[in-house]
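Across the two complexes that follow, chain A remains constant while its partner is chain B and subsequently chain C.
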Partner chain A sequence: MEQLMVNILIATGFLAGMGLLLSALLVIAEKSILNFGPCTIDINNSEKILKVKGGGSLLSILARESIFIPSACGGRGSCAYCKVIVKNGGGPVSPVEEPYLSDEERKRNTRLSCQVKVRNDISIEIPREYFSVRKYRGKLISKRPLTHDIFELRIELLEPREITFTAGQYIQLKSKEYKGRESVIRAYSMSSVPSDKNHVELIIRRVPDGICTTWIFDYLEEGQNVGLSGPYGEFKLQPTDSPILFIAGGSGMAPIWSMLRDMREKGIKRKAHYFFGALTQKDLFFLDELRQLERELPDFKFIPSLSREPENSNWTGERGIITDVVKKYIPDTSGYEAYLCGSPGMIDACIKALTSTGMPVEKIYYDKFA
Partner chain B sequence: MEATATHGFAGLILIFVSAAFTDNVLLTRFLGMCSCLGVSKKVDTSIGLGAAVTFVTSVTTALNYLVYKFVLLPLDLDFLRFLTFIVIIAAFTQLVEMIIDRYSPSLYYALGIFLPLITVNCAILGISLFMVNKPYNFLEAFLFGAGGGFGWFLAITLIGGIREKINESMLPKGLEGPGITLIIIGIMSLAFIGFSGIIKV
Partner chain C sequence: MKKIPQQKELKDLLGPSKFSGDGYLGTDPRIPESIIEEDRHIIEQSGFTKEQLTESLKDALKKAVDALGDPVDILPGVTAVHYESRGKIPSPYRGDGLFQKGEVVIFDSKSGKKIIVTPLGINLIEKHNFFQGRGSRYRIEPEDIIVIFNLQK
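Up next, the complex of A and B:
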């Protein structure tokens, strides 16, 4: 019995001792070996110059300086959101980055900022909007179902209290751990109006087995705190007078919903059509609100179309897939601008249909949900 | 073989060769599969990862030999070898990563990024664990580790070469990536069975 106790003590002591020794060694090594001294990061041709301590990844060092590059995987080199242009000082492209960079991106010196180490002076280019990206702490004040699988979340911002964004941009929401699923970061378009600076609204569809949406639907409750960052994204109304085609189904309505209400507030009088594709009547939402907008905006039409509605139902609107309906209403799309939001499959189908009816591809703006 | 073959210079070479060929850790024991499937798409990256594994295996097998012989056995802590070995391997790879990150950026880009990948490579732990079952001295243990690592290097480089060639031709959809790689590995391990009769250590 005593022998057993002694054995257990020796084993525990050995493990603890070894662990301590090795971690002490690693900490000392990190402090002494990985000290690259002070480095400067030159952003956008000296628009901003940061003096930092070298050693870490570009992504983490910029985050420490409150410049948040979008990143969903936390620096593991698997999401490829954190692309920036590194003009010099970035070192060679690592094999981790290679699969994510196209030939054109490589020519422009695009890199994954999580894989670039700051070990000397470095100069980079990032979209100016990243300067205004902030981290927010907010409180969920309402969570209501819009359809059987789509919810609207309304979040009140606590710290900082205000967000400045353009209709169509997105934020990144951080989920909390639950039942062994790790915390993840996912991007959602804001559906709120930019003038409502103290709140962020999101329209979210449940993804079967999705880590973040399962957390939102089953675990997140009203009154709880959430973490988010933003605004991100280039999806916004262009300052032209061309007539507009909005095409989005399901939760893809979020940015369009924000843009439409923003147009109403600002008194923008452009001609606009909104084509909304859904399966059946139970997938429709905001019908009354959109009919209301039709009356309030000078030249706006909302056209929902159902592709799987039973033949004999009471539905009197359009039927069939959305690209066919667009063709029926607007046979010639040259002169229009299109704004799409949805799955990659839906976007690709729409781009094909629109270009075949005369729309130049550079007039098509979209947000792809992977 | 008899004692004559396993001693002296010839014996040392024999240990290295048998660890690399007859006991090839990837092809006969199927260890280190995950990183092999992931990285063997190109010869370049295969060589990089293979070289990193060879280096780490050689050194950690020697380190683990010392710890096993002079700490674990005297303290009667033989049963802790799994934990001890994996922690030593992890710490060593971290340390090496830092050192080459600081002092040799070019080597870091060739090898360094693979080091975190091999921290948990089971081939490396496997070779250390096989080592304790053999009556080796320090030098022999080191060569056993080096041979085992070299065998893994050889196997993944060959697989990488075959995959580079094969990707040019058409494959059924279901066989792309890991599917065809596993078939390649299966055929190659059949070939490596041919070595098994040649040397016995």
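Up next, the complex of A and C:
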């Protein structure tokens, strides 16, 4: 019996040892035996060609070359922010990527760049904007409440000192550790005007128990340094003359606020309506500033609508859900372009309302990421 | 009792992370497998199925999301309010994909019970029979669903 136990122990030990040896060999093989040597990354049909040392993930190799693809999980394959199109050389889609890729994305060869290993020459497509993405260190110079659950942050850029972006784009803000919670990265639309290159402004709504918003609301103080990267995103005003419908409530005002002030600065005189949906008067902000914009932009109208304002209050503006109010003001939207910002529920409701009044779906713009 | 590696792994997966600040286990001392097993037993005893419970949650979530932040009456005395948030959260179970952030708070004034429903929370129940640990903001007691939605056999 004793001999049997000894034999079992020896066999188990032998197997465990072999397992360890094999894992070590695999790691060594990955690092040295499989020498991938120099590889070429062709970006956007040779718009940029990088000569790199193969072996790492596409995401990390691009970052080393100062091309920053959005990422919120540090390359662990769980945030799906890091999508790029890999035209060839990317190898098969891994099981980690599969759940994050829609059928359409698969057809277009979309991949998670953190899961694609650069082992040979590879050609990829990324939005041109990514070439100008930079990492920034900034200082929070103002933090002020706009409503009971929305704050505005103003950040001065310290290093580098300037950001070049188009109104509508967003940055990724890095929170700091607090109360045992990890540092995280979250996206926020810039509400500042692009001409104010030394600053970034954000309009942020508190998410109950949210990691980043709790840090912003309860821990981040004026004078503290913050890390961010950007600009990202393809949500921007199209260069046409079509009249515009902006629809956004709450913190969704951020990119619209940037676009409107940019229009004023650039003297863009397109006809525009901004429909802002809220529950009660306590959810409204920037009312005076928007009324001032109405005076400065020749054909701009701001229409807030409240769906839960008490009947007997002093509110004389529109009441009801925002999609109904849009229909009331613009019964035929066929000649318009729409710019939406909000949750997917709000976006879906707006798309339904706008297409039912004649707007072609391709004239409706919003941040698909959100 | 010494934990087997699988149990340790699931517990780690469901702990606080870069995506869920407090994780999915709350202050529950039980291991995830026990939480799942005990909830499964409670549902079996109740005479309802997990599908019946998740249908009620899904229906309330949809109604609240469609109301764009306006409180909606689900049943007499039962209100649901959607608090939206842009952005998506990955499931702690790798491979289940991403879910819209934000939450729907459902309150039943008759029983005083409140539950917080999220798209991810519903998926965890549907796919993994996981109602989350006690003390988690997003834990839903199976019995509370039966009471709030006044489910009848």
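One rule holds in what follows: the second predicted complex is superposed on the first by the 333 of 370 C-alpha atoms of A that agree within 3 Å, B and C clash if a C-alpha of one lies under 4 Å from a C-alpha of the other, contacts with A are read in each partner's own complex, and residues count from 1 in each chain.
By definition in this document, contacts are C-beta pairs under 8 Å (C-beta built on N, C-alpha and C of every residue); 3 or more make two chains touch, one makes a residue touch a chain.
Bear in mind the structure is a predicted one, so any value in this text is a computation, not a measurement.
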Partner chain(s) touched by A:139 [first = chain B, second = chain C, both, neither]: neither
Touching partner for A:319 - first (chain B), second (chain C), both, neither: neither
Which superposed partner A:96 touches (first chain B, second chain C, both, neither): both
Partner chain(s) touched by A:270 [first = chain B, second = chain C, both, neither]: neither
Partner chain(s) touched by A:119 [first = chain B, second = chain C, both, neither]: first
Partner chain(s) touched by A:48 [first = chain B, second = chain C, both, neither]: neither
Contacts of A:187 with chain B and chain C, given as first, second, both or neither: second
Which partner, chain B or chain C, touches more chain A residues: C
First (chain B), second (chain C), both or neither touched by A:74: second
Interface residues of chain A shared between complexes with chain B and chain C: 95-96
Chain A-touching residues of chain C, taken from the complex the two chains share: 16-19, 21-22, 65-66, 68-71, 82-88, 90, 94-98, 100-103, 137
Residue ranges of chain B touching chain A (in the complex, touch as defined): 44-45, 48, 71, 75-77, 79-80, 83-84, 87-88, 91, 94-95, 98-99, 101-102, 105, 109, 113
Residues of chain A defined as touching chain B within the complex: 7, 10-11, 14-15, 18-19, 22-23, 25-26, 29-30, 33-34, 36, 91-92, 94-96, 117, 119
Touching residues (chain side chain A, partner chain C) in the complex: 72-74, 77-80, 95-96, 98-100, 180-182, 184, 186-187, 205, 207-211, 214, 249-252, 277, 279, 307-308, 321-322, 342-346, 349, 367, 370
